[in-house]
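Chain naming follows the written order as A, B, C, D and E, and within any one chain the residues start at number 1.
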Amino acid sequence: MDQILLSLMIFIPLLGMIVVLLLPREQEELIKRATLAFTLIPLILAVYLFINYNTSTANTQYFVSVPWIDTFHINYHVGIDGLSVTLLLLTALLGPICVLASWRNIEKGLKAYMALFLLLETGMLGFFAALDLFLFFVFFELTLLPMYFLIGVWGGPRREYAAIKFFLYTLFGSVLMLVAIIAVYLNSGAPDARTFDIPTLITLASTPGHALADPGFQMWVFLGFFIGFAVKVPIFPFHTWLPDAHVEAPTAISVILAGVLLKMGTYGFVRINMAMFPEGLDIFTNGDGILGHSLALLGFINIVYGSFCALAQTDFKKLVAYSSIGHMGFVILGLAARNPEGINGAVLQMFNHGVISAMLFLLVGVLYDRAHHREINGFGGLGSRMPIYTGITTLAFMASLGLPGLSGFWGEALSLLGAFQEFEILTILSTIGIVVGAAYFLWTLQRVFLGALNPKYEELPEINRREIVTLVPLGILTIVLGMFPSIAINMFYVSVSNLVGIIN
Amino acid sequence: MEPIKNIESLAYFTPEILLVVFAAAVIILDLLVKDQESDWVAYLSLIGLGCSLIAIFITNSLVNTNEPISLFLGMIRLDEFAVFFKILLLLATAATILFSIRSEELDVRLKGEYYALLLAITFGMFLMASSTNLLMIFISLETVSLTSYILAGFLTHSPRSSEAAFKYITYGAVASGTMLFGLSLIFGMAGTGDITQISSQIASVLASGGVSALGVLIAITFILAGIGYKIASAPFHMWSPDVYEGAPIPITAFLSVASKAAGFALFLRFFRTGFDTPEILQSIDWGLLLAIVSALTMTVGNLAALPQRNVKRLLAYSSIAHGGYLLMGAVLLTSEGLSAIVFYLIVYLFMNLGAFYVVVLIANESGSEMIESYRGLSSRAPLVAGAMAIFLFSLTGIPPFAGFFGKWLLFNAVISKGLYWLAFIGLLNSVVSLYYYARIIKAMYLESAEDTDTFSFTKSTFALLSVFVVPTIFIGFLNIFYSLSAKITLQ
Amino acid sequence: MVVPLISIILLAPLAAFAIFALFGLAKRSFPRQDILSTAAMLVALGCSLYLLTEVVPKPDPYTVEWISLGSVTFSMGFYLDSVTVIMLIVVTLVSSLVHIFSIGYMHGDPRYPRFFAFLSLFSFSMLFLVVSDNLLGIYIGWELVGLCSYLLIGFWFEKDSAANACKKAFLTTRVGDVGMFIGMMMLFKKFETLSLHGTNGIFTLIADPAKFTGDTSDIVWLSGAGVLIFCGAVGKSAQVPLHTWLPDAMEGPTPVSALIHAATMVAAGVYLTARMFPILTPSSSLVIAYVGGITAIVAATIAIVRFDIKRVLAYSTVSQLGFMMLALGAGSYVAGLFHLTTHAFFKALLFLGSGSVIHAFHAMHAHHDEEHAEGNQHEHDDHGLVHEHGSEIPPDQDMRNMGGLRRKMPWTFGTMLIATLSISGVPFIFSGFWSKDKILAGVLGRAMEWNSVHHYILFAVALVAAGITAFYMFRLIFMTFFGEPRNQEMHNMAHESPWVMTVPLVILAILSFPVVNTIWFNKDYIKPPDQHHVQAPQHADISPNNKTGKVDFGFSIFGISEAHAAEDESENADDAHHGHGPAHTIAMVLSIIVAGLGILLSWLFYHKRRFSAESVATTFRPVYTLFWNKYYFDEFYNGVLVALTVWKSRLFAKFDLSIIDGIVNGVATVTRAVFAAFIGFFDNRVIDGIVNRVAKVIWSVGGRIRRIQTGAIQTYLFVVLGGIVLIILIFRVL
Amino acid sequence: MEFPLKTLIFYGFALVTIGSALAVVTFRNIVHAAFALMVTLFGVAGLYVFLQADFLAATQVIVYVGGILVLILFGVMMTSGRLEMRIHIERGQLLLGAGISIALLALLLTVIANMPVWKNLTDDGIPHEPTTEQIGKMILQDKFLLPFEVVSVLLLVALIGAALISRKEVRD
Amino acid sequence: MSLQHYLVISSILFTLGIFAVLTRKNAISILMGIELILNSCNLNFVAFSRFVKPSENIVGAGAYVLDGQIIAIFGIVLAAAEAAVFLAIILAIYREFGSIRPDEVDTLKG
């Protein structure tokens, strides 16, 4: 029974998609309820897995490995370790929240929207659970199509541009990744002994003398994977799709985009680049000169660049989008450090950023639904009109700017602590991001909520119950994880230690 | 194994014979029956294809799969490779016939001839897939070509169709003439027309210095012109966009799938059997030649497709590009490459025919092949739009659709030989290709039509559509197709 | 018993806030949030007082493992020594009194419950900061008090000035906090822990040669870390150069100013510095001392010329905090903390008193209505700049509108006078005298002992500042409570405040007498931590302790004069807070003299009107202007940034550059001008540009291929045959 | 030394063939070109005779000259309505075509000149027998049976196709 | 009269055919060029079958001598069939376009 749980979780949304497609399109309420149900089941399963996950070991649990495309030694191999179970929970949590967030504001093609959303959820869940490189890639790409349509059909005025930009960038990255995957596969052994199995490959890649362990080979393959993931994260200079995609995407999709899709990049980086290619990683993170600092440098650039870009925005959503770039920079920086603090911090930051950015995008959506614009300077004084909304926004902002006591702090702090061990100057420079982060959030807070109420919005309705329901779980998570980060860290620190062992 | 003599061979030749018999029957019966409106000739042709298919299975069961047999004193060969292509071609023809029944552009009065020609061309393609003699190769190629010319020009009241036929035959005649010249050179160098013996002959004369590498190179290049024109590889591809655009849509679909597949069958057998020896490879790196041709083909196809506004023409360029992808598998003629091609052809059959079927449907409804007529299709005919999107994404090579798995196998084959540059070009090309495929998707999903009437299609339309959609989704997930394609080899 | 008590102390205010938040989500509010919060504070106060009896002089921390990363763990816990307990009592006491005062002061405010909830949250954060045994915990509390400060300064956020001020406060302190965080990272890198106390704490490890060898690079590292952590204190405690936020923070309600911006949060910097005492090296100490000294004199001089009653007090606070820092930097641990407590009481009293005056002048609701209306007129500028309000003094806070209030508000007057006497250093019966004297004595003692010219200078500066303090404080008293009413209309409206407001004043006034502060003289109870784990100097010859009598100018932050840490420093540390015998006497005499001078001058200027302040101002116009413009700090920050934007001046030509005010807006403006342009350029032109260019090339190649496809069959044949020829030739050549 | 009559005749045929072929590609009048083609085809037939391919020579004359050439002439008439038709020539195209053709010829001649297996071969030792019977046997009994049958299908297809395409369409 | 003689002749014929195909702006002339090409091929086959002796290691080389000739016969037949279809298509083109100039039949392009 336990064996099937994970697969059940992955494929229930897919089943849901079929069910939704079979429902008559006029039954909108039914479709919405069905979608909600089909996203709640994975959530329940994810919570079950999260609770029953054995934190004391780095071994994969709940794994299933059945031959799939036997001719090419591809298995349907899924399983969880501390990293994936955390992100699975995040994904499963955001699922129903996004369905709720889409409850009222999808005006056309609700059925298709929900169906695509469910497909997207399957892709994301599968990605985090996949332990076969091929399967991993398939799930990685599976998120592409629904995302394209969700942005392209239900997005804002420039949705076509944003959608195709997103698609092209990601596809560009992933084709390079595909080359790397094939190269890894072909070098994994004799024609009969080749494998796509990630744990096996990790072992092989650290076996001295094996073709996969060759530093030169690892470097190129590392780069292939890296670019694939970098587009997704996104790491400067592959980031320009992100603001466009976010600005045009409907609220729930922005939430998924920032909350989960970006994590796919960093998760993949940890899972593949770091664990499988320690020699390659060595070249880019461990050494003198620009090459040895390159990854940390990218993290730094992301932080500073994203933060300053965010500061320069006047579109609320774009601001949040750029802030995502900045915050993902901390993840990169932490990962570049390669020590327990850095990696744990990075993983924690992945989860927390997922929660917090989801909140931020939901909040932007709430405002947009009411005012039908997102121009920061067009608001003012909403604090007196919408106190609860203001309160939750303040919470989210504070969490995002890394206020201790809220979850955003821990990831940033640990990442920085870890990074400082390796890259002192870069880390110190990266702290600029913390100040600028505070600056743009506070400035936004001031322009939107403080000051005198803009007379245009005297009748703006307060946040409603459904919206509060979408925000409260996330808010509770930020507070609880802000106080007790070990709840999350305990899930994965053993896995991370294992990873650190592999790297060094 | 000794080649089987003529009379004894006939038993193994029943599938082909059945095709000819049915072709004749269709013509004769068409003359006798006057009911022009009914589609019974089409169904009769389908029955013929079915009979042929059964015959294929029966004859195949007579053969020990490990030991292919030569028929007609070495003229053709019956092996799994041939059987695979025959089945593939039968399926493509069957689909074409079904399209033709539904297509409104075809002339109702010439049905008998039309279907007979389809059966005849299938017959020719069968031979292309199994020929092992230079003469047979040429004759089968000519049979297919000649029939293709006629089919492309079948719409005699349409200038486009006539122009297509004219260009096709001019181009084809020159290409096949060139090829024949190349064949004659090979014949002169090897002293035999049997391609199973050519490789050893050429290798020995090359080794003894009796033949200059330039001679072999010229011969190969000339032959490549003939085969390359069939599979529309650059720089021999230029006929195809014009012909595809001008020909009736079912024929375009047929040419882009069946003709290409048959061309590949011929190509693979010819080069794999005739030139795949180390000695030849040493003096002429035709692997590199093919790699360059492959890269060029997919690049040209994809780039030229970018600005197209006619979906049929766009798909024509896209099929050129796919020819380039397929050629990647042929570059080094490894067994991996071969099975990748085989797998990709299966996938390509479904997704490309599916896409063309949608083009047929839209052309029927709107009378246009332009991308503008696809606007708002997602609301006018959601299922058709969904199917088209699946075909296009599959053509792009995006998981979870079968096209991705096919491409993956091809890249796998290329990278396994260290041709990373080719793989990169191929992958960048898939990224580029996304752009024009997405244009259609954009039109269908992101734009809205001025005319918002919904299209009404019959149930059988959807049934046929699902015949293409379902494999396009599922082939990649089923191991059987991989093991099947891995089994197809060429000795 | 300790852990449950501390838990109660922490959880009681937190619970008060949580209840508010939960009710808030349900769109209502707890019926009596004020009572709830006040009660929670009183409970905490009770527990704190009880803790007095519990504490042993040198306890171990109570810790739990908070985060485990396998090889590295972070723990959280409480560290309780005498200083902690005293801080707990100070915080809970002042907080309780401010709570009570606010019941009266904030009465009628539309967001009355929220105010108390925020106060509770603040109290929790501050207490958490105080009891934390490790830097991580301190940092958490540190940032949380910053948040509360932000929320409370911006409590009346409809006012643009308040909205600006709260943002400025948060950001300015965050600049310091980042320094602190970097310092923490440096310590972590060296010691692999952030715990301070206990066997694995930094203070223990620093003595472990295996962890800390004490060679020059280690000392430099430690000095750097010390200075950086002090940066946090500079921000929070409003030391120069990050002091500019505190005066602006007076936009918050006056009880907030009393609690946060006078008594507790700003003192947290001092507390932090004291906590980090063991890792301070001589050079980092000297930096601290200088910053403190400069702050003391700069803020004092600015305070002379203010007319806004709250701003006078704000600058006074800054100045007094400078004193404390000076003390700590000069090694006078006890003196610094002593002044912290005494200052907490009398400054809270002064603020509450001024609040009482303001309250008297202006009923709260009226105040709001007007501000509200005013706020509406201030449209946000396009580019996000907002006029700064600092220069426009609200009438109810302008001392030029006051005068003669002593009869109208006797309680307020009396208590405020006591506080003023205390802060001015009127000898013997007021607590402020003792603590300030201790500081002066400590500095002078260090100067004499080390024969250090730095400390002599600092002593002189402190002395002058002390005199100025007495001057401006009495200026405030004279202008407010003595003389004739300057604004009769407002004067008529004035009235004594209700008892909920006066009772806290009285209690605080009692606390301003030394009786209750005697604990600071109990050497057994309060022991300064050791500060001499720094290894013996490599270059003993330049040490000030080489008894050559040479004055040491060898100061450098990271330089060799780490060698200060001499072998016999232990006795200094011990002696310093007592003051050397002669030093103590000299300091005491001098401080009495300057205080007297200050009061006298003030009496002459502002009560007797023997001299005209205006004429003096005219005579010393440059100096006056300097003071009036607050040493141009804000202008400097803005100016530098403005200079950066000169090249963009055309873009901004339509905006008056002079209105670019407030460092945050300045930074933001520059960012938008420079970075936005650059980034916009970069994202759109360079990255997207490259991508687009590539796409364009691809597209044009596509178009070119199209053009080859002419439609004429012979072109195609040319390509075929040309292709054949080319292929053959290429392969022939290859 | 024997009078090289045979050689002379051979060269004569060769010259006639090549010369007329040159005429085919250069004559501006399509009908003239067609007649030049006839000469070429005869020339090739003559060469076949030299190669002892008597049956083939006969077939060449019958099928080509009698069939294809007549067809071509019909084509000319049906597309121009009269028996003369100027062929348009474009200078650039001509040069480029000549370039490519010459390049090809050069390549082919290089191959022919440098192909040892083709050198010094004579047909001296090979008996001069009539080929018709053998050809008949090979086509009908030996391995060329299949091609023969396939070609019959091809001819049928060509027949149907030519009829289909060329017939006047009745538009409706 | 060695093999080379024939090969040179056929090469020239081939090249001339190519030249015609490339440059003649008349569909029927192009057909003529194609016929030249096919003739050259046939000539090649016949010449090879006359001169090149079958290698002894070729299996079933019995009646080798005539293989080339027979191929040529098939070549002629194919040429005839092709010519017929070609002309039919030319007629269709003439009907639709009123011209058989290949560069005037260019509606499909791009």
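Just so it is clear, a contact is a pair of C-beta atoms (placed from the backbone, for glycine too) under 8 Å apart; a residue touches a chain by one contact, two chains touch by 3 or more.
Keep in mind the model is a prediction, meaning the values are calculated, not measured.
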{"item": "Set of chains adjacent to subunit A and to subunit C", "value": "B"}
{"item": "Highest C-beta pair count, chain pair", "value": "D-E"}
{"item": "Chain nearest the overall Cα centroid", "value": "A"}
{"item": "Approximate Å spacing (C-alpha centroids) for the pair subunit B, subunit D", "value": "31"}
{"item": "Mean-CA-position distance for subunit E and subunit B (Å)", "value": "25"}
{"item": "Averaged-CA centre spacing for the pair subunit D and subunit A, given as whole angstrom", "value": "71"}
{"item": "Intercentroid distance (Cα basis), subunit B paired with subunit A, Å", "value": "43"}
{"item": "Junction residues of subunit A - those touching two or more other chains", "value": "none"}
{"item": "Where subunit D touches two or more other chains, by residue", "value": "93, 96-97, 100, 104, 107-108, 117-118, 142-144, 147, 151, 154, 158, 161, 164-165, 169"}
{"item": "Residues of subunit E whose C-beta touches two or more other chains", "value": "7, 14, 17-18, 21-23, 25, 27, 31, 33, 47, 52-53, 60, 70, 74, 78, 81-82, 85, 89-90, 92, 95, 102, 105-110"}
{"item": "Chain pairs in mutual contact under the definition given at the outset", "value": "A-B, A-C, B-C, B-D, B-E, C-D, C-E, D-E"}
{"item": "Of subunit D, residues touching subunit C in the complex", "value": "93, 96-97, 100, 103-104, 107"}
{"item": "Residue ranges of subunit B touching subunit C (in the complex, touch as defined)", "value": "166-167, 170-171, 174-175, 178, 214, 217-218, 221-222, 224-225, 229, 234-236, 238-239, 241-242, 284-285, 288-289, 293, 300, 302-307, 432"}
{"item": "In the complex, subunit A residues that touch subunit C", "value": "237, 239-240, 243, 305, 308-309, 311-312, 340-341, 344, 377, 380-381, 383-384, 387-388, 391, 394, 398, 403-405, 409-410, 413-414, 416-417, 420-421, 424, 427-428, 431-432, 434-436, 438-439, 442-443, 445-447, 449-453, 455, 462, 468, 472, 484-486, 489-490, 493-494, 496-497, 500"}
{"item": "Touching residues (chain side subunit A, partner subunit B) in the complex", "value": "67-72, 109, 112, 134, 137-139, 141-142, 144-145, 148-149, 152-153, 159-160, 163-164, 167-168, 171-172, 175-176, 178-179, 182-183, 185-186"}
{"item": "Subunit E-facing residues of subunit C, complex", "value": "706, 709-714, 717-718, 721"}
